[in-house]
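Here you go, one structure.
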Amino acid sequence: MDVDSNWATDWVRRSADAVAAHKADLAALDRAIGDGDHGENLDRGYRAALAALDGLGDDATPADALMLVATTLISNVGGAAGPLYGTAFLKASGAAQGLDELGPSDVVAILTAARDGIVLRGKAEPGDKTMVDAWTPAVEAASAAAAAGSDVRAVLEAAAGAAERGAVDTEPLVARKGRASYLGERSAGHRDPGAESTALLLRAAAEAAADAAERRGS
Amino acid sequence: MKKLINDPVDVVAESVAGFGAAHADIVRVVADPLHVVRRDAPVAGKVALVSGGGSGHEPLHAGYVGHGMLDAAVPGAVFTSPTPDRILAAMQAVDAGAGVLLIVKNYTGDVLNFETAAELAAAQGIDVRTVVTDDDVAVTDSLYTAGRRGTGGTVLVERIAGAAAERGDDLDAVASIAAAVNADARSMGVALTPCTVPHSGEPSFALAEDEMEFGIGIHGEPGRETLPMEAADRIVDRLLDVILPDLPFASGDRVLLMTDGMGGTPLAELYIAHRRASERLAEEGIEVVRSLVGDHVTALEMQGCALTVLRLDDERIELWDAPVQTASLRWRR
Amino acid sequence: MKKLINDPVDVVAESVAGFGAAHADIVRVVADPLHVVRRDAPVAGKVALVSGGGSGHEPLHAGYVGHGMLDAAVPGAVFTSPTPDRILAAMQAVDAGAGVLLIVKNYTGDVLNFETAAELAAAQGIDVRTVVTDDDVAVTDSLYTAGRRGTGGTVLVERIAGAAAERGDDLDAVASIAAAVNADARSMGVALTPCTVPHSGEPSFALAEDEMEFGIGIHGEPGRETLPMEAADRIVDRLLDVILPDLPFASGDRVLLMTDGMGGTPLAELYIAHRRASERLAEEGIEVVRSLVGDHVTALEMQGCALTVLRLDDERIELWDAPVQTASLRWRR
Amino acid sequence: MDVDSNWATDWVRRSADAVAAHKADLAALDRAIGDGDHGENLDRGYRAALAALDGLGDDATPADALMLVATTLISNVGGAAGPLYGTAFLKASGAAQGLDELGPSDVVAILTAARDGIVLRGKAEPGDKTMVDAWTPAVEAASAAAAAGSDVRAVLEAAAGAAERGAVDTEPLVARKGRASYLGERSAGHRDPGAESTALLLRAAAEAAADAAERRGS
């Protein structure tokens, strides 16, 4: 089964919950190799997004919900993550344009557009120890799952799992982009906060899809 | 962590409001989207200078808004770059048709948010140039990192380019003076204590009683290396050992020497450091013709100091000495 | 205790030397007996203002030497009044025949050492007046104590009396303006952390993580009482609850509001306090017509803040606004 | 037996030693109810006095030595203690004027002049919890001893003992002068640092006299 705008808004709500619940963890990761504000920044952004959801009309499409997340994050998060996540959701919204229901390949297109947006803005390569190291395996796993005939729920499950592994895999890396890069070798041994938050957001997407499937009884 | 604050969420808004109340003769504060503009903005015919960045570095940037320096400052959350909507609102408020120069410290967040704002402003027909400051020599490898950070040199860029704009230079001229000042400035800092972001409640890093963080960043991000604590003169020499060969500064150069606090350092200690730095520069045949000592680019209550050396020439000295009237830098007005 | 110093014994000498190097356009430093005079002293025909006190309160007093303020400052050891020989040397250096006004903060040590110096100077034919500042309302009982201490109000006395001297007022007139400003100023401070005197190495007092020292003195001597830590607005209200009824300040008064750091307080926090103080004064019908926010009278790296409220009239406003050119207070010059 | 200028210079040396040895204790007492500089201040003054002794001619009188201490303390100590001790030694020197040998009544006159000088400058009364509370019992004990026919050594021993007891007796007092007075009731329970340093100085005077007596074999 496919997902619709309910999934998109549920994703926002679950993302807000996850970020709020892990705010302190993200702050601690960012304190270790950055400046400690990643948890607070994302939380401020998602609280604003949650509030903004009320303004979304009943006829809103998934693209509308994604666009709302994009603009809200851009004007509330700040720091590096604000424009990066903002661009991700902006591009994701573009990829969802005109669609009321999203199938497995649509979801892959959305995730790919999001990842490409981040790379376009931030110019990080895989292995630079950034959120790209969670997004890239997520996109790959999602593509593989879709190619293998999985449904949306399984595609997002694959993406979330890969992002989580990708976040863990940033630990030995030496940062080459963002604030952590100033630490050079000393950045190794710590997980990248942006990769961790990416894993949280994609897990929220998967849970929203699982719940949608459950509700529709499939 | 004890701080003179109310709800951590309100720190920036309340602080900027207090700033506006204290300096109503110089600035105007707009609460939403939050930004600070000089009282008489937009100034007809003048190129406008806009800067901004995370809060927690006060007096940077709002303390430098006024005649002869910035036209607007855009504060972000503590240690977090401001968002593009605030930056755009500030640009719109101060543009008088002569264009806007954005002065952006080189941190990924600042660069990305100001870039977005610049795109939006350009789309509205505002003529925009951007100078990214990156004077911090603590970052060794600019190729495999986000590049050198903008620190103390930013204040000097704001001042000298601000004076050029006040003199009537056009956008390209102001931008090129700003870029040249940045290119001739070098900074590096050391922290004796960490700082604590209000909403975090945890110190930004750990330092033992006998350690210092050498090459610290202004967001309390750990520095180049953790070293054993030393006497002030030795610390100053260590900083200059990195700063001077980098440009390089050479015998016969005339320079501005800035000895900057981190927020929590007693002024008396800054003068002790400044004394050794002046002495060392004299030993190298470098003449300190202008000095600036105090808290200019801080990291909350962090203790330590940062040195900035800027090569001067007659024009820069003239621009430096021109009238300036801001909350934190003021003379001849 | 980590400090940006060399040998603790050299702290004052090295710091003043660095101060002299940084501000050679404004002051001249004499190393022995140690004192700081304005570059163009003695100024023909002008009444000379001399102040001083223990070091560790920077920028007080050397930071206020220059046109429109002090003619000389005499630093003592850290938190220790200077000795009479230094004070006398400073008086001799700046007296231009029009007499010398000594501005002395009311601490036993300062009063006794300046008294001795005044006797010696008078014996040499120098016309001397003394104003003892005692604006700190934290001291409740002036009869059975050494009396109220001189704190933030001292800066305002130095500034306004300094402008009067620059205007050409004679010694009696300058002394009476100084005394009147002191009489109309009220201050009180609170510390969130103690400070550590360099040669001591031990914090001046102990404060738990949830405590503050209310009515602190600027030498880190314990205050009126230890209270549980509170939000900034509540702390500011507590301070004003003591300050305002004391003069008393009344609806319709025009005042200068000074929100002073203790040395280690981030500027952003001072503005948060200033915001509430301005708001509260407005609530009481008192109009804040001039503001001063920052580190002016400090206690090394102590964190906290002090508020000073001074009643203004047209003459005081005019004197306040007159040109001043010192290291730490400067405008219109 | 009487004492001469050797006693006076020995007093300076022993005072310098005692102050150096108890610098930290004096600092701690002053930190509790003052600003913690009393030890450092007196030590700086007595180190200077020690150095200045070299400049004292062979024909120096006790009054010369006391005057040298006075001027050196005045121009090196600062704070409250500098002018107070400075005035004390200035007045003591005046009381010793013209004398090469000091007998019991001369020593009483010297101590009385010193105490009166402190009271003149500082205007403290007994019980105000200041150095006056060590000097006053010292003067009284010395007078009583001299009246009872004691020699200089015993007179100074009486003064030192009384000053020591006087210093201890400042502990329950509430300060009414000096920096400690700002504490009000909170000053009770702490010994006054100036009273303590007075006890150290008078103990040094007594030891110098005892040593002089020993040397002369009396």
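So that you can tell them apart, the chains are marked A, B, C and D in the order they are listed, and the count of residues begins at 1 in each.
The criterion applied here is as follows: contacts are C-beta pairs under 8 Å (C-beta built on N, C-alpha and C of every residue); 3 or more make two chains touch, one makes a residue touch a chain.
Values in this document were obtained by computation on a predicted structure and should not be read as measured data.
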Chain connectivity with chain C absent, coordinates unchanged: A, B | D
Far-end chain from chain A, centres as C-alpha averages: D
Inter-chain centre distance, chain A versus chain B - centres from mean C-alpha coordinates, in Å: 33
Distance between the centres, which are taken as Cα means, of chain C and chain B, whole angstrom: 29
Rounded Å distance, chain B centre to chain D centre (Cα mean): 55
Gap in Å, rounded to a whole number, between the CA centres of chain D and chain A: 77
In chain C, residues with contacts to at least two other chains: none
All touching chain pairs, where touch follows the definition stated at the start: A-B, B-C, C-D
Contact footprint of chain C on chain D as seen in their complex: 27-28, 31, 33-37, 40-41, 44, 74-84, 86, 121-122, 175-179, 181-184, 186
Interfacial residue positions of chain C with respect to chain B in the complex: 1-7, 11-12, 14-19, 21-23, 55-56, 58-59, 63, 192-193, 209, 212, 229, 231-233, 235, 259, 263-276, 278, 288, 291-293, 295, 298, 300-301, 303-305, 325, 330-333
Footprint of chain A on chain B - complex, ascending: 33, 54, 76-85, 107-109, 112-113, 115-116, 138-141, 144-146, 149, 197, 199-200, 202, 204-205, 217, 219-223
